[in-house]
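Next up: the structures, one after another.
You will see two complexes here that share chain A, one where it goes with chain B and one where it goes with chain C.
Moving on to the complex of A and B:
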């Protein structure tokens, strides 16, 4: 059995604390009870005739709204399942100039001056040389100690590639990256071509 | 007594009104879809860097059977990095019919649109349970690679493998007809309701647009705006669209190649392709694949055979793959001389059985494909509405077109993938006034621009943006489409304004890597 399968089955076992059949039964009971309460409330008013009369016009919308409200699950804010991205010590704006020696750089038209801003919210902002036409926004990074991970260019030149892992070091105005595990050659060359100078 | 009678009367009124108004996704009162968070699968965890979570939506397999089986649909939630963001989220469904969500590629959407993003593996695909993969058909990859496109025997083997997959899934209790567009769209609506979302926007990448379009048709009141990259539309079944799209892509290629130096190398692209397919039909050629995906899987080299039909499939696939488009003129010119170039070999030696040329090429590179879902959507939602005489007319007597599209093996597969026809409305155009932005690639033979424009004409506020130089999936290639989408998304009621980046885009043909 693969690790992935074991993990998935483990997750599934731990997910629903209530047996699904019990949950369905519970929900049926709850739904019936709510319907019952709704009907009692309506009948307790002295406006039954109006309700019946108005049902043909406004009833469908009202009932749909009531039903929709009843069926909604509580809104759940997603729980972070990844480390908090960003690290204040790497935050800042850096530049580097890439030469045309590396074929991955030449092939992807990445030769020239690059600027990268690491935001404290885990977002990368990239400014590239003019000929580079790939998507530059919306990418993320994650810092954990000396480890750095990023999905930069995931939707373009690094399509279908997993995020790259690096060791990073900042010394004065200089930021350097050393490749640990990087499946995307263009990204590897970009980061490892430093040092990046803070601006 | 009288009170009880009133109660009964009110109950009856409520029941009548209930049956009139429906429940949004149409589920019976006895069952309520539910969304439960789970720890993310490891393959998701390793790809997604922003804050995120995962969960399963449990829904009825067939909503017409309220006491029937339930299935689980996987959903990834990605939070935007911006602490303050609009309340309305965006729902994205990534990939082509039968494919799982493109998890890593969908992740930046949250940051780019400043919204919580929900990414779904449609029912039957990816992490959703059950998954309708067909390993019986996958086992034919080497057989198809080593056969000619015109080989009837291998088509029969394909149909037999499809039948075996059908029989296995149905014996396991899977209701294969339930993995159609209508039910998948209802899953999207059930997710919205389960999460308590009042209004959201929708986005699709590829042919899963069919699902979003059905959401627009059935549940429009909760949709703020929609963007679609390289979409298919319900009014045009894929077997017809394949011919139209291939012709369109080739005309675009010929026009683009009309400039020097491309014209000098290959004066008439379409004529050269006709020469190439005729030559290869008369004299099929072979090459040995030692390290392609198929050879690696079976553990030995194989002789890949190529005839005119195979070449036409490669050409259609290449028109959809942006990185292959610059190599196409030289690929066609070489084939007219009986040579199969490296890019063509790359497609052929890695191609799952009957994938390239039929399904968008990007989906042909991965093993994670649910052929069962593809077949149900094709056989149930499309083929019943296929105009077979129009299809026959469109082949124009071309032998390679006849082999690939006239004798389309998926038409035979649908005779054994036994699913009833969908409601005829599923073959009708979608109308409405939801703001829609449609992206197409200039050469894309899977989502040709004229088809998108015609579909957009049925929608009151739809805009089509063609990205020059590109094939299928334009939002995954280059910043231009992404930046247009992002700017439009804030004011979707207006046409996209910031389209100046289109002016600098074009295809740059090269023979590098193409000529041998």
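Moving on to the complex of A and C:
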């Protein structure tokens, strides 16, 4: 038998075995279509509600953001707060004369005229009165905004204590230091005994 | 017809469909119901010979007719609404076969559907070994007796490609069923 005849006869013989009930099916189809339309409507309603809700909630914020965008000038990046070695505004040579009222000054033989030079490269040089045996150079300082930090006397009278931190202010020819955190009393005495006068 | 303009209308007690206008609804619904009763059983049979499951065939045919119902006002004006619903159903059937094949691969076994009695089981099993498009071409050509132009349209391919599907299917089926195959189609 040819395949064409076999196929036609096979289909013809088999077809009556498939007997769907079209009445029930029509009801199912209409019910499905109804559900489909309802789902589409509900979905559309939900989407519209979400969009409107989102607009109501986020709208004012978006408008504010847009308004701010127009009004604000471009903001410069904040300057890094890392310490700057040396500083042009503090650079210079200053003198201060320490009296003998303070026992710490007397005990450390610090009475007399002191000269400190802050170089712009962060190097600190100290010229002490004659009785004070420890005049030196080669110490360092750092300035960050109003903060000042130095390791002056670290290897001698300060016995390797941590650097001291001060708040500094320069006004005209006067330079003053206020102790923030200072583990070395001798250094605190020297810096806080100002004001230092620029020379 | 746009979905947002649709309204549901009763066509008879316990059943309802929609139409776009009040005056049109009754005639549209009756026309659809008449079309449905004439085409649905034939479409289920056609789909059955492709998917080999009565349940899936009915499900697919109902999906296709639901699509037709949703687009009835437009499609009813076409020259061949039956070709439209067939195209939808055949595509759904081919998708269903691919899904079933994937499932068989994943589950490492083939699902043998329970065939109704008095079905030509050898023929059904042989057709079941063809790819979806070849199955569809065979069923539309030999069972529905449709011209190749229409088959190609339903399958979404050119006429020559439709013939290629059919010839490949014939050769494979002839080998599987032990029948003769000639170059020309009878």
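The rule is short, and it goes like this: the second predicted complex is superposed on the first by the 114 of 199 C-alpha atoms of A that agree within 3 Å, B and C clash if a C-alpha of one lies under 4 Å from a C-alpha of the other, contacts with A are read in each partner's own complex, and residues count from 1 in each chain.
As a working rule, a residue touches a chain if its C-beta (ideal position, glycine included) is under 8 Å from a C-beta of that chain, and two chains touch if they have at least 3 such contacts.
The shown structure was predicted, so the numbers you read here are calculated from the model rather than taken from an experiment.
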Look at A:163 in the shared chain and tell me whether it touches chain B only, chain C only, both, or neither; answer first, second, both or neither. first
Would you sort A:138 into first (chain B), second (chain C), both or neither based on which partner it touches? first
Which partner does A:198 contact after superposing on A: first (chain B), second (chain C), both, neither? neither
Which touches a greater number of chain A residues, chain B or chain C? B
Can you pull the chain A residues that chain B and chain C both touch? 3-4, 7-8, 11, 14-16, 20, 23, 27-28
Once bound in the complex, which stretches of chain C touch chain A? 3-4, 6, 8, 11, 14-18, 33, 36-37, 40-41, 44-45, 48-49, 54, 57-58, 61-63, 65-66, 69-70, 116-120, 122-124, 138-139, 142-143, 170, 173-174, 177, 179-182, 185-186
Listed in rising order, the residues of chain A that touch chain C in the complex are 1-8, 10-11, 13-20, 22-23, 25-30, 32-34, 36-37, 40-41, 44
Give the list of chain A residues in touch with chain B in this complex. 3-4, 7-8, 11-12, 14-16, 20, 23-24, 27-28, 31, 35, 39, 42-43, 48, 51-52, 55, 59-61, 63-64, 67-68, 71-76, 78-82, 84-85, 119, 121-123, 133-142, 149-151, 154-156, 159-160, 162-163
Chain B residues within the chain A interface of the complex: 3, 6-7, 9-11, 13-14, 17-18, 20-24, 29-32, 34-43, 45-54, 56, 58, 70, 77, 79, 81-83, 104-105, 107-112, 116, 127, 193-196, 365-366, 475-480, 482-483, 486, 505
